[in-house]
Amino acid sequence: MSALLEVDGVSRRFGGLYALRDVSFSVGEGEIVGLIGPNGAGKTTCFNVVSGTLAPSTGTVRFKGHQIAGLKPSAIVALGLARTFQATTVFPTATVLENVMRGAFARTPVSPLASLFNTGAARAGLAASEERCARLLERLGLAPFRHQPAGELPYGHQRRLGVAIALAAQPQLLMLDEPVAGLNPEESAEMGRLIRDLHETEKVTVLLVEHHMRLVMGICHRIVVLDHGEKIAEGLPAEIRSDRSVIEAYLGTEEEA
Amino acid sequence: MHDPRLPTTGSGRLPGSAAGRTWAVRLGALAALLAAAALPHFVSNQFYMHMANLALLNAIFTMSLGLIAAVGQLSLGHAAFAATGAYISALGALHLKLPPLLGIAASGLATALVAAILGKILLRLRGVYFVLVTFLAGQVVTLVALNWESVTRGANGLVGIPPISVLGYSLGARAQFYYFALAAFVGVFILLRALMRSQYGRAFRSIAENIELAESSGIDASRYQVIAFAIGSGIAGAAGAVMAHYIRYVSPDTFTFHESVAYITMLVVGGRQTLTGAVLGAAFLTPLPELLRGFVSMQHIIYGAVLVSVLIFLPGGLASIGHRIAKMTRGGRPRP
Amino acid sequence: MDFSTLLAQAALNGLVIGTMYMLMAIGFTLVFGIMRIVNFAHGEFYMLGAFSAFFTYAQWEVPFVFCLVIAALTIGALGALVERAIIRPFRNDELSGMIATLGVSVVIQNAAVVAWGPTPRAMPNVVDGVLSVGPFTFPLSRLVVIATAALIFAVFWFFMQRTRTGRAMRAVAQDADTALIQGIRVNTIYPIAFAISVALAALAGALMAPIFSVSPFVGLTPMLKAFVVVILGGLGSVPGAVVGGLLLGLIESFTATALGSLVADILQLLLVILILLVRPWGLLGQKEA
Amino acid sequence: MRRLLTALLPLACVLSAPAASADSLKIGVLATLSGAGTAWGMSMQGAAELAAEAVNAKGGLEVAGKKYKIEVVAYDDKYKAADALTAMNRLAFDDGVKYVVGPLGSAPALAVLPVSTENKMITMTMAFTPKALSADFKYSFRPVIPSDVFSDPQIKWVVEKLGGKRIGGLFPNDESGQQVGAANEKAYEAAGAKFVAKEFFERERVDFVPLLTRVLAQKIDVFELNGNSPQTAGLLVKQLREMGFKGPIIRTGGDATADIVKVAGKAAAENVYVHQPIDLASPAIQNYTKRFEDKYKIPLNAFSPFFYANLEMLFEAMRRAGTVTDTDKVRTALLALKDFDTVLGKVNWTGQAQWKSNQQLDAPFYVAVVKDGKPVVQAKCTPAKCQ
């Protein structure tokens, strides 16, 4: 198994407190990996460190062999790693198509300067990009809304648009931050299907942070469990389900979760 | 007011979305431009020409501020860049006999460079810190202009700045300067419109709307914020130089914090979303103080009240009135 | 005047100015910490406080303690009103909120010009006379300012630490989302925070009014200094505002006494720029994630 | 486009308000009517309005058989050159004004004088810069006496009378402060005293104690207040006295006595020597003071009568020239007035030697000391000497 993403000994302190302590794991090409843990376990911090929003205090993160810890998010995207967000998933006032065009920014074969002078090549490049984005919307069932402002879409559609924006960057590794948070069971199931579908047809590797156990257990090949900023378990869904430390960690916070 | 009829195209929001109305808009813009060009022939009152000139210059200041605002940054030091440009060109003309046109270009480049360096250094300082830093930058410029007496002549300011001349033809008079200001205005308008419709504009809007998501879409927010800040400030610097050659005088008082606030007010009142908004704001608010020239306190109160009311009741500014009306008359027909 | 007297003078003066900066900056930073808004009208509330003291103390001869209470209450109430009417619509749009406060500042200042005229007014000192300690003489009027400011700060600190509302405000400042989950109501906390903030500015204005003069334009300088102080101490940090305010007052006093005013002003700006470069979150502020 | 038009139409209407009727004569006022310089701006506006009142009460100004009602148009320049320029443009082209009381301050003056000269507008300025009067600015008159003229004899008198040897002073870091500071130092040194402490400060500063501490550390005998705005002067006096300075404080600059007393209080203002441009004991001045204070409810600034006097002369010049429109003729007639009786007493024009322009009003001035809140004249001065 060739590792696409290697997280090695990553710690992150806020003030004097460790939000992450010496966390290591890897994601292999073609895998769907779940990152789970109770509230405050450090999942989001971990996610932010990998995607470049936060710099780790110590440790390294490698993507396709490149050291990416501390790089800007935009540079990391350029390498082929894209993410979604939990809360602010879309550009609300722009149209759905424009949202995806923005997501495709790094993959649009047009230099900004060329587009400023509106050269023929720039127009052609933008047209090609637009076509690709339109296909992507088609694929995710969002095509009928392409000219609507994203903020006016139903919530479930907005979450899906968030995935579309990330996909528009043509990532090899797609990181999803609680993709089904706030969705109803039906929408959640649909999102689960979509992820699996994307994984199969687009050959995209997925790292998933999620609360929703059924989704994680259902689609992930492998699961990493964090608690209090430390990795407490890693393994196949079946192993995790019966892991004592995991059960304890979750029981301890059951009522909150 | 006899302000130039300005092309009202170019919301620049979505490339291609304007395709349907292109011809009507182009014709309208052309007509407006012709009307603006003919203005001096109909207006003999020199005071109105003076106001038209000020309105054009203010429109340039406001549009360039709007560019910075388009990336989600509020600059409280816009006038400081105008002052920097004004001093550079004025000093160049007075000491080096630099032709004003060259001086203006040099001012624009120099202030853009300063802004780029400042922006690069203060990369981390987004949002509120950016506001405070631009504010302090304004203070620094005023302090330097005041205290670097040997160069800036201190509070006395620089007197006897030559007027702009093009091919040996002096543009000292108001009507002649008007054509220069109009040309500069149209140039800046076209440049900014192209910018906002290009991939730059796409990046700017993404950053303004959701900076985290923009970053994660591969848009280097810091880079584009610096670009917008440098271009916006560079234009302000050049326009400041133009102003210096027009009023032929510059002192630390010419461009202060109050001017920065005035530009913000024009931008907000006209509408932050579009270039047209900035132009409307300048066209509307430049003559407004004249209503109460003898009673400035009242004038300021109205200015402030207009600013706050527009923010609350008409967040899109004057420019959005048209959209609102259009929306109502179209009766909810889906957008093209 | 010998050297030690000079030092003592400079220190005392630095403390006086520092307490004014401190009171201004605490309110300023409080509103920023809680509402994420830079209040450009903060200086105008200082000015209103000064006018309030002028009318109550110099004209109606109310005892000064009550003058302070009146200033804090009336202007605090005005602040709550301003928050409700003008700032609330921009709860999720900090930039517009800031621009709105610019508008408010312009309106208040010029309304004051229309109502009270632009000419400065002087008012009598609260106490006259000097305190002589060995070779040093200190004007009592200035000592009173320091003591009163310390008392005001103590009351404020007690409020923030010991009352429910105070604790709620601190919670919102630290982590708005969590605080909201815990049931703290923004619609009550914001106006209170804003009222307290401007009441502190008004108190600073009322305290300083007898020492300086009173005019519609006196709010500008204290506000500028509040900016500098919060950058120095850290945006949103109350201890930072206290330390930064006193520090700035002392630095300013000593540099101005030793090197002259212009050098002092330029040094101040350089200091701010230096802080921004090496420690943009301020001396006591927290680095944002 | 229509939107733009409709929005701006009302503005256009207001701006092009109907031109004055044929029988009215407009006098412009271009001065600072807001902010720290208001006291001076008001003194100019007041002079224009009172002069108009006086003429209109007699049925108007009769020139060449026609009676003109005087109308005053006052604009605020906010003490900024750019605003002054806009206001002057408006006076010139929109209001068609030919006579302006103003501009005030050196920066606005230098910005607007080219426009007023180009349009042959007669201006009566309160700008002390030497450049405000010159052969280039043919129509620029200055009724008030600039400090570089009156400070020399006054300083000489003060140094002799008070025996001060070590002088200290604090000046604002603006155009007047920078100029006055240098001029003052020279004058004191010429009179045999030494300027041992000279400090500049930014205009936003309100606390002068650190700077005064610095100045007092030089063991000064006399403190000089010139160049400061009236309110700053008051604050300085107040803080100086609080710090225990008991020596004489001198104000050689423009009149600020009323503000000094108001801000610093009567007690602190004792032993302050002020430049007194007018003789408060003269009945004409007392009458004028009463009219001014009754109308505006603010203390009279002593510059006001100078503008009033200049307007009296202007009206007389119009009568003699027989025109209100030909400013060249009016200017000639104005310059021809000799020993003309005004509110200030008999006055003349001077200045040829100094500025190559004989358009400086020449009137006696005084040195006074503040006693119980009122200036008491100590000596009468001419540009040559005080006694």
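Order of writing sets the labels: A, B, C and D. Residues in every chain begin at 1.
Going forward, a contact is a pair of C-beta atoms (placed from the backbone, for glycine too) under 8 Å apart; a residue touches a chain by one contact, two chains touch by 3 or more.
Since this is a predicted model, take the numbers as computed values, not measurements.
Shared contact partners of subunit B and subunit D, listed by label: C. Nearest to the common centre of all protein CA atoms is the CA centroid of chain B. Ranked by distance of CA centroids from subunit C, the top chain is A. In whole angstrom, the spacing between the mean C-alpha positions of subunit B and subunit C is 34.
Remark: subunit A and subunit B have CA centroids separated by 40 Å (rounded to whole angstrom).
We define each chain's centre as the mean of its Cα atoms; on that basis subunit A and subunit C are separated by 45 Å. Taking each chain's centre as the average of its CA atoms, subunit C and subunit D sit 37 Å apart.
Residue positions of subunit D touching 2 or more other chains: 34, 173, 202.
Annotation for subunit C: residues 113, 118, 224, 262, 265 touch two or more other chains. Those residues of subunit B in touch with two or more other chains are numbered 143, 147, 296-297.
The touching residues of subunit C, counted against subunit B in their complex, run 32, 36, 38, 86, 89-90, 94-96, 98-100, 102-107, 109-111, 113-114, 118, 224, 227-228, 231, 235, 262, 265-266, 269, 272-273, 276-277, 280.
Of all residues in subunit B, only 1-3, 5-6, 8, 28, 32, 45-48, 50-51, 54, 143, 146-147, 149, 154-157, 159, 243, 247-249, 251, 253-254, 280, 283-284, 287-288, 290-291, 293-297, 318, 321-322 touch subunit D in the complex they form.
Listing the residues of subunit C that touch subunit D in their complex gives 1, 6, 9-10, 13, 16-17, 113, 117-122, 124, 130, 137, 139, 141, 212-213, 215, 217-218, 220-221, 224, 252-254, 256-258, 260-262, 264-265. Listing the residues of subunit B that touch subunit C in their complex gives 72, 74, 121-122, 124-125, 127-129, 131-133, 135-136, 139-140, 143, 147, 261, 264-265, 268, 296-298, 300-301, 303-305, 307-308, 311-312, 315.
Of all residues in subunit D, those touching subunit C in their complex are 34-36, 38-39, 173, 199-202, 204-207, 209-211, 213-214, 216-217, 219, 231, 234-235, 238, 242-244, 259, 262-265, 298.
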